[in-house]
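Dropping a structure here in C-alpha cells format, bear with me for questions.
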Amino acid sequence: MADLRVNFCGVELKNPVTTASGTFGFGHEYGEFYDLGELGGIGVKGLTPEERLGNPAPRIAETPMGILNCVGLQNPGVDRFIEEQIPFLRQYDTRIIANVSGTTVEEYAGIVEKISDADVDLIEMNISCPNVKCGGLTFGTQPKMVEEVVSAAKRVAKKPLIVKLSPNVTDIAEIARAAVSAGADALSLINTLLGMRIDVESRRPILSNIMGGLSGPAVFPVAVRMVYQVHQAVDVPIIGMGGIRTGRDIVEMMLAGASAVAIGTACFADPMAPVRALHELEQFLDEHGIASVTELTGGLRI
Amino acid sequence: MADLRVNFCGVELKNPVTTASGTFGFGHEYGEFYDLGELGGIGVKGLTPEERLGNPAPRIAETPMGILNCVGLQNPGVDRFIEEQIPFLRQYDTRIIANVSGTTVEEYAGIVEKISDADVDLIEMNISCPNVKCGGLTFGTQPKMVEEVVSAAKRVAKKPLIVKLSPNVTDIAEIARAAVSAGADALSLINTLLGMRIDVESRRPILSNIMGGLSGPAVFPVAVRMVYQVHQAVDVPIIGMGGIRTGRDIVEMMLAGASAVAIGTACFADPMAPVRALHELEQFLDEHGIASVTELTGGLRI
Amino acid sequence: MSIQELCTVRDNRQLTGSVFALTLEAPRISSAAAPGQFVHIACGEARLLRRPISICQAHDGLLKLVFAAKGEGTQWLSRCSAGDVVDVLGPLGHGFDLSALGDRPVFIGGGIGVPPMLQTMQAARAAGAQPTAILGFRSRDAVILEDDFRAAGTVYIATDDGSYGIHGFVSDVLRAHIGAFTSVCCCGPKPMLRALAEIAQAAGIPCQVSMEERMGCGIGACLVCACALKAEDGAVRYGHVCKDGPVFYAEEVQW
Amino acid sequence: MSIQELCTVRDNRQLTGSVFALTLEAPRISSAAAPGQFVHIACGEARLLRRPISICQAHDGLLKLVFAAKGEGTQWLSRCSAGDVVDVLGPLGHGFDLSALGDRPVFIGGGIGVPPMLQTMQAARAAGAQPTAILGFRSRDAVILEDDFRAAGTVYIATDDGSYGIHGFVSDVLRAHIGAFTSVCCCGPKPMLRALAEIAQAAGIPCQVSMEERMGCGIGACLVCACALKAEDGAVRYGHVCKDGPVFYAEEVQW
C-alpha cells in the first residue's frame, strides 16, 4: 500500500485529494455521501469580510465537458463561517482550507488576519475570481497588484498562505513569480477561465452576469499546462486543479508539478468523485509499485 | 429562404461558413466529401515564406471534447502554394483565405506582399500560432508587437487583411484594438489555447513539442466570450471560430459579434461538419423568420 | 438524505410528441421520496451536468418520472429503454408541506409542471383531504396523466387554445373557484406561479409554489440555483432551489 | 475515394481478454477496400477523435475489424453489439503494393499488427503466390486468427514466452527462413518493423511496413500523423501515415 501522505507547507495531508473551493459548500452536503475524513483537505466556499448575496440566477450554463458559473461569491461572511462552520468541519479528520477574497488590499489583509486566528489549517487567497467585478480579476492578472496584495496578506498570515491564480493571463509564470516573491507559501491553480454562452432563442446570455468562469474536464489540458509552467518557474508547492475527474487525472496533474490536487466540478456529475478518484490513485500507485505519492510530483520526463 | 450572403471587407461570401486554417489542408481531402463551392470560404493551411517541416510526431492528443495539436506549421512554402494550390482551389466557387505566418516583422511583411499579388480573396495573418517557437506567440500577445507587425503588413497588403488573434492573453480587447489601430481590416479569433497532456504510463508529454494548442468544442465558451469582448471593443468584422460544430453554434458565435465563422476540429469528428452546420444554420434562419444571416451579427440582447 | 442509485429502466413510453414517462427501479430512492421532491439524473457520458426531474410517483420500489425531451440531455433520456441503467441522485430538496393544506387543497400544474402534482395530490387524498386538480396545457395533444389525476379527485383541465376542457388558463379556473379551496400547491412557469400566488393571497389561503432553476450539484453545495427570496428587512436574499426548495411558500418568494 | 458510412454492427465477439472481432455491414466501404487500408471509426459522442483500425477482411458487403480494447474509445467500441450503428470513414490510406511481392511473399504481424496481414495474404494467394505468415504474440492466450491464416498458406507462430509455437520473436523466424521469401510485408510495433526491415534489406528483398501514428482527420488534411521519411537530400521530411501510408517501403522511412 502506497504512502499517500503529503507534507504541504508543513501541514500533513493524509492524501493529496482536496475539494475545490465553491463547489463543495462547507462540506455538509457531500458529507451525506461519504466520510469527509477520507479526504486530504476540504476547500470551503470562498469567504469575504462581510456576507455577500452573489449574483441573480441563472448562475450556471453547461458547455461541452464543462460548465460556466457566476455565483459571485455568495457566502455568509467570514465571521459566521468561523462561528458556525469550523466546529462542523473539525469533527472530521481532514484539513480545512479556508478560501478568502476581498475587493481591496486592506480587505484581503483583514480577512487573512482574521482567518489566521481561527482554527483552519491552510489559507487559500483567491485573487482570481472572474465573477466579482471590482478587485478580484484585476488583482490576479497584474504582477504588480499580485505582489502588493500578497505582501500585505503575508505580513499578517499566521498559517501557510496559498495564493490561487487566475488562468486568464498571458504569462502564468510571471504571475506565479510575483506571488512567490511577495511571500506566497504555496500556489493553487487554476481558477476558472472566462467564458460565455448565449441562448440562441432569446438571444440573451445564459448567465445573469453575461460572462462566467469555465471549469470541468474541458479545461484540464490548460490546467496541466499551467501547473507545469508554474512548477518550472517557482519553488513552492502547488495544488493543481481544473477538470480533474479520475485517479489518472490526478497522476497527470502531479507529474506536471502539483503536490496536491483539488476536485470541483466533477462532484456535480458524480458526488463520489473525490473519493473514487482517490481510490483510483491508490490503485495506480500500487499497480505501478510507487511507494509514496510524493514521487509523482514533477515526475514528468522530457 | 434566408439570404446567406455576407459582405466581408468588401468581399462577398456566399455564406458565412469557412474552414479553419490548418484543419482543412488545401481542400483536396474534404473536397472528396462535398463540393467545396458550397462553403463561403476556405481557410488554407498556414503558409510561411519557405517550406517548413513542422514538428515530429506525435502532433495530436485527445482531451475532453477537445484536441491538442503541435503540427508546427508544416507547409510547402508560399511559392508552391501559389503555383500548385491556387489553380486547384479556383475551380470552386468559393473564397480563398490565405493564412500566413512569419518569424520576424520583415517576414510577415514579405509574405503578405507576395500573397497579395496572388489570386486569393482574403489574407489572414496568423500572429498567434502557439507551436512556432520564435516569433508567433510573442507577436500575438504584446500590443506593441501586434501594432508593429500589423502596420508593416498593412503597408504592403493589397487585399483585405484579417489579423488572427491568440486567446492566450490577459486582455483580448487590448490586442484587438492594437491590431485595428495598426490597420487590420478584420479580425479572426480564436486560435488555440495553450495546453498539455502527459502519458501517465511513460510519464512523458504526449506531444513531441511538450505543449500544444487546444481546439474543439471544449474551447467554444472561451471563443464566444472573446468574440463578444472584441466586438465590443472594435469596429471591424470578425471571423469567429473555436469549437463550432452545429448551426446553433454558428448562431451563437454570430450573436456574440462574428460576421462569419470558421469550422476546424469538428471536421475531424465529422467530415461533413461545415456543410451540415451550414444547412442547420439555414434551417434556423428559416424557422425563425430571419431574412438575412447578417441580422445575427452582434444581435445579443443584454 | 440523498442517495445515489444506479437504476434499471423498467419502461420508457412516449405520452405526447415530446413528453415521456420513465419508470425506474429505484428501491432506495423511491422509499425515501416525498411529494414535490426531485431527482437529479446523469444523461450520458457526453454531458457533465445532471438534469433535475420531479418525482411524479414513487411506490413499490419504482420511480415514475414524466419529462419533456427538450435539449440534449432530456433527448438522451428519451432514448433510454428497458434494461438500460441510469445514475440517479435523490430524493432531493424540500417538497410540499402537507401539514397545512386544509381539507380542500387544490393542486395546479401547468404543462410539464403537471407531473409533480400527481404524487402530491395522491398524498393529500390518502391523508383524508378532498383534493382538486387544475391542469393546464397548450392544447389537446399536450394533455398528460388525466386518468391518474381523475382517480385522485376532482379535475379541471384547461387548454390555451380551447381544444380540450376549459378554454383559458389555470389562473382563470382558480379565480372562478377560489372559494372552494383551503390551500394552493402549484408547479409551472414562473408567470403562472406568480398569478396563482396573487389569487391565493387575495383569498387569504396559503400557496406553495415549486420553482425551477438551472442546477449544478443539486444538493446545496455549489449555490448556483439561486432563488430570490424576501429577506427579513425586505431586501433580497438568495435561497437555493435544490435544497431550500424546489417548493417555497409563495410569500417567501421575491417575484 | 473516402466514404462516410453508417454501418450496422453484425457481430462483435471477444477473441482474447482484450481483443475483439467486429463485423460491420459496410457495403460501400468494403467493396472499395484494398489490403492494408484502414477505417476511422467514431467511438461515441463523448470522444471527439475517431480511432484508426486496419481492415482485417472485406468481402460480401462486410468489414471485419480486429482490435484491442485499450483506452476509452476502443473500450466503447468493444461494448457495441449487433444492431448498433457506428459511423465509419474508409477505406483510407495507401495499402500494400501487391505488384512486386514475387511468388513467395511473407506476411508478418506482431500482436495487434496481425489482423491487417490476413486480407493481404489472402489477396496474394488469390493472385497466385505461395504466401507464408509469421505471426508473433506475447503468449498462447494472445493468439488470434490462426485458422484464418492457416487457410491462406504456411504459418509460423512465435510467442515471446514460448507458451505456443516457436519461442522467440518474429524477427528470429524471418532470419531463419529469409532465403525462402521474395518480399516482406509487415505490421506491428516500430522496433519490430525496423528489425524486419534490416533483415529484408540485408537479404536484398523488398520490405513494406505498416506504420502507426496518432491521427486527427484520417484523410490527409490536418497533417498531424507525421511519419519521418528520407528526403532526397538525405534529410528528414514528414509524410503522413493516413494518406501517404500507413504502408511505406521500408527504405523510405527514417527509422
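For clarity, chains are labelled A, B, C and D in written order, and residue numbers in each chain start from 1.
Everything below uses one rule, namely that contacts are C-beta pairs under 8 Å (C-beta built on N, C-alpha and C of every residue); 3 or more make two chains touch, one makes a residue touch a chain.
This is a predicted model, so every value here is computed, not measured.
A.B. asks: What's the minimum number of touch steps needed to get from chain A to chain B?
C.D. replies: Minimum number of steps from chain A to chain B: 1.
A.B. asks: Taking each chain's centre as the mean of its C-alpha atoms, give the chain farthest from chain B.
C.D. replies: Chain C.
A.B. asks: Using mean C-alpha positions as chain centres, tell me how far chain B is from chain D in Å, no decimals.
C.D. replies: Measuring from centre to centre gives 36 Å for this pair.
A.B. asks: How far is the middle of chain B from the middle of chain C, if each middle is the mean of its Cα atoms, in Å?
C.D. replies: The mean C-alpha positions of chain B and chain C differ by 46 Å.
A.B. asks: Per the centroid of Cα atoms for each chain, what is the distance between chain C and chain D, given in Å?
C.D. replies: 56
A.B. asks: Of all the residues in chain D, which ones touch at least 2 other chains?
C.D. replies: Where chain D meets two or more other chains at a single residue, that happens at 46.
A.B. asks: Can you list the residues of chain A that touch 2 or more other chains?
C.D. replies: Touching at least two other chains: 61, 65-66, 216-217.
A.B. asks: Can the chain contact pattern be summarised as a line, a ring, a star, a complete graph, or none of these (other)?
C.D. replies: Its topology is that of a ring.
A.B. asks: Could you run through all the chain pairs that touch each other?
C.D. replies: Every touching chain pair, ordered by label, is A-B, A-C, B-D, C-D.
A.B. asks: Touching residues of chain C toward chain A in the complex: what are they?
C.D. replies: Touching chain A: residues 1-2, 4, 42, 46-50, 87, 89, 213-228, 236-238, 243 of chain C.
A.B. asks: Quick one: in the complex, what on chain C touches chain D?
C.D. replies: Checking each residue of chain C against chain D gives 44-46.
A.B. asks: Could you list, by residue number, the parts of chain B that touch chain A in their complex?
C.D. replies: 61, 63-66, 68, 141, 168-171, 193-198, 200, 202-205, 210-211, 214, 216-222, 224-225, 228, 243, 248, 251-252, 255-256, 284, 299-302
A.B. asks: Along chain B, where are the residues that touch chain D in the complex?
C.D. replies: Residues in contact with chain D: 22-25, 28-30, 32-33, 45, 53-62, 65-67, 69, 71, 74, 206, 216-217, 265, 267-272.
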